[in-house]
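The following block contains the structure, expressed as structure tokens.
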Amino acid sequence: MSFLAENFPLIRDAFLTTLSLAVVSGICALLLGTLLAAMRVSPVPALRGLATFYVELFRNTPLTVVFFFLAFGIVYIDLQFPSRFLTAVAALALYTAAFVCEALRSGINAVPAGQAEAARALGLDFRQSLTTVVLPQAFRTVVPPLGNVWIALAKNTSIAAGFAVADLTALLQRLSNSAADELALVFVAVVAGYLVITLPSAYVISVLERRLAIVR
Amino acid sequence: MSATVLFDVPGPRGRRRQRIGSAVGLVFVLGLVGLALWRLGINGQLDPARWAILFDTRTNVPQRLLGALVDTLEVAAIGMIAATVLGAFLAVGRLSDHAWVRIPVAAIIEFFRAVPLLVLILFCFLFLPRVGISTSAFGALALGLTLYNMAVLAEIIRAGILSIDRGQSESAYAIGMRKWQVMTFILVPQAVRRMLPVLIAQLVVLLKDSSLGFIVGYLELLRTARSLVETLNFQFGPIYTFQLYVAAGLIYIVVNLLLSWLARILERRSRRDTKTATAEKTELPADVQMGGGGGPL
Amino acid sequence: MRITRYAAGFAAAGLLLAGCASEAGNQAEEAPETTAEVEEVEFPEGSTMAEIVEAGELRVGTKIDQPGFGLANTAGEPEGFDVEMAKLIAAKMGLSEDQITFTETVSANREPFLVEDRVDIVVATYTINDKRKELIDFAGPYYEAGQDIMVAAGNPENIEGPDDLAGKSVCSVEGSTPAENIRTNYPEAELVLYDAYSKCADDLRNGNVDAVTTDNVILTGFVAGAPDAFELVGNPFTEEPYGIGVQKGEDEFRDFINDVLEEAYENGTWAAAWDKTAGAITGTEAPEPPSVNRY
């Protein structure tokens, strides 16, 4: 136990890095993903095509490849992120946005057609029926899948460890070397760090799921 | 399906506006692509001689990339088979009538879905040998992929079992089958068959996740591309870096698109087949598709 | 089908490109021959050497991303001074080169590789120190390096030594001695840690870090590969004796390796190995070999 106490500042900093990485990229992914989802159901074919292309591209590419591209590839088109943390945020956000879009789209599709038809019959246009009728209901049905995307994102942040971000997994690698005799404790501490993020999230999601469920 | 009724079929004016909007959008996107190509051109990245390395067998580059793709597919296939088998057992276990089976199985499933895959792989590689289980880089990667995916697949197969018409199990019980017989001969085979498209879609996730092997030094596709970059960087400077990353990314995308396409064909076929037809759509949840240790608790 | 059309287009583009040769292809050359000669030898029953000979395989952990010491060629086989050392040892055990299995050991997992019996020896620019000796044992040293700093060509940040690193971003590898040294002795430096030095070199080239620090021989390899991008400060501030890692308590095996090294020092194979690998890259003469430390 004294080992954990000694290394507490390290563990805390690594945990906060992981948490902030997840939160910042989660917010960016939510914004971008919502935009993509709106594009995917929009009347303009070009927008639909663009959004579909984006989703298919990122759905079939490993996140590690996205990381490599942003860290060491885009320099060849004279682009560069100011820090490794922001590179990781960008990679996670771009990748996750595709899945946020998928979750939202399945949510929009889960809203019964009658709702949209009724909205249209009342004379609401595309924007109005989307923002006042369909999306509010869709957001309720997508809370569980979106929450799960958030949990997956929190775990995916671990890949940033391979790209010079000092997160929990990087700490695991560091301590597994320098404190090899305490390896079990190192794993416990790091896994606990992730569980502190994922378990309460899962709990909140299940509560929200019950609260927001629409009785039909 | 609300998406299709959200807007009227546009009239002539609407169509014209859309066309103009699309044209403007297209110009914008093409402009961005052009800008990127222009910068690439200025940096000499579009020089055909640089791209030729991907096809020049004298450099060993195409052989290495293909060999690495085979290694990647191998670890993904082994992980997939083991995960499906173990996942089926866990799914049955979670549906058990006995609490002493159900609860530990549920705990196993939840635990492996809650831990990042990367940490799981490191655990297999660094910790298991401490307790006497020796693992190679390949073994650690395959085991990590298996442990994580068996938990995901257990939930998918469980949903498949539950979706099978109750008449199936009831008639099996009626002819005197026991619970384990009903499970192994009636429910699990139908569930796995019904879930085939989803299982193939999961293979895409596994293939993506195998790129995490870099952390234990397994030379899968991405690590191999990286290794080639290192070597060529040293011999020629960074003139092939961009090309190799693009090649690795494209190989993943092409293979995964082929797999997704196969999954869609199977799904269409199984929907036509009345024996396995499902009412609901068989699509992987978005978070499962994310891989990398994704998945709900 | 759309897919077949794409595939056809792709193949056509490939053929077109294959028509024009790449620079790398034109320079593809035969692998250099080895200096080590295979001998028949007898080992006492039950010794580690006898076990390895019986298994017919020497498992070697090395690096595959360090020019001069251990860098995979495009065929995927590692080449370098470390690799030559492993070949020397194998040859003295009567094993041919095909009987050596090389495994990549990145800096952060070298001890676990030995502790968990994944490899028999680690030859991977591996500094001998007391902390590591708690877990494993070292033969050698077979080379004396020193920690140095690599900067962008022209040294724009005017870094002359480790004290100038304060407030600068400096890249190294997690789990390596240079990283620990910076962390404890020069805490004002902003440390950026990857899992391989090649990523550090990329970051320095792209201007994301101000300097890369590790042992001078590793850095000279990178500088030799890109003299117009990198520059070595040339002011080593530590002593890094490189050893060959063996599993804890393998004293007999360690003695054997030390004998092999001493013989190679005397008969010139050590110097020849240097000339062929690291020396060929940096254009330096083989240094005076260090004296083996039989603790």
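First chain written, first letter: the chains are A, B and C, and each begins at residue 1.
Everything that follows uses one rule, which is that contacts are C-beta pairs under 8 Å (C-beta built on N, C-alpha and C of every residue); 3 or more make two chains touch, one makes a residue touch a chain.
Note that this is a predicted model, so its numbers are computed, not measured.
Note on connectivity: the fewest chain-to-chain touch steps from chain A to chain B number 1. Set against the Cα centre of chain C, the chain with the most distant centre is A.
Of all chains present, the one whose mean CA position sits nearest the global mean of protein CA atoms is B.
Between the CA-based centres of chain A and chain B the separation comes to 17 Å, rounded to the whole angstrom.
Rounded to a whole number, the gap between the C-alpha centres of chain A and chain C is 38 angstrom.
Spacing of chain B relative to chain C, judged by their CA centroids, is 35 angstrom.
Annotation for chain A: residues touching 2 or more other chains are 72, 162, 173, 176.
Across the assembly, chain B contributes 126, 130, 214-215, 226, 241, 257 as residues in contact with two or more other chains.
Residue positions of chain C with contacts to 2 or more other chains are 109, 112, 115, 195, 202.
Residue ranges on chain B touching chain A, taken from their complex, read 1-8, 10, 14, 18, 21-22, 25-26, 29, 36, 39-40, 43, 45, 114-119, 122-123, 126-127, 130, 204, 207-212, 214-215, 222, 226, 241-242, 245-246, 248-249, 252-253, 256-257, 260, 283, 285-297. Taken in their complex, chain C has these residues touching chain A: 108-109, 111-112, 115, 135, 171, 174-175, 180, 192-195, 199, 202-203, 206-208. Looking at the complex, you find that chain B touches chain C at residues 48-56, 58-61, 64, 125-126, 129-130, 134, 136-137, 214-217, 219, 224, 226-241, 257-258, 261.
Touching chain C in their complex are the following residues of chain A: 72, 75, 80, 84, 162-164, 166, 170, 173-174, 176-178, 180.
Interface of chain A with chain B (complex): residues 40-41, 43-47, 50, 56-57, 59-65, 68-69, 72-73, 76-78, 95-96, 99-100, 102-103, 105-106, 108-109, 111-113, 115-117, 120, 125-126, 129-130, 134, 138, 144-145, 147-149, 151-153, 155-159, 161-162, 169, 172-173, 176, 183-184, 187, 190-191, 194-195, 198-199, 201-202, 205.
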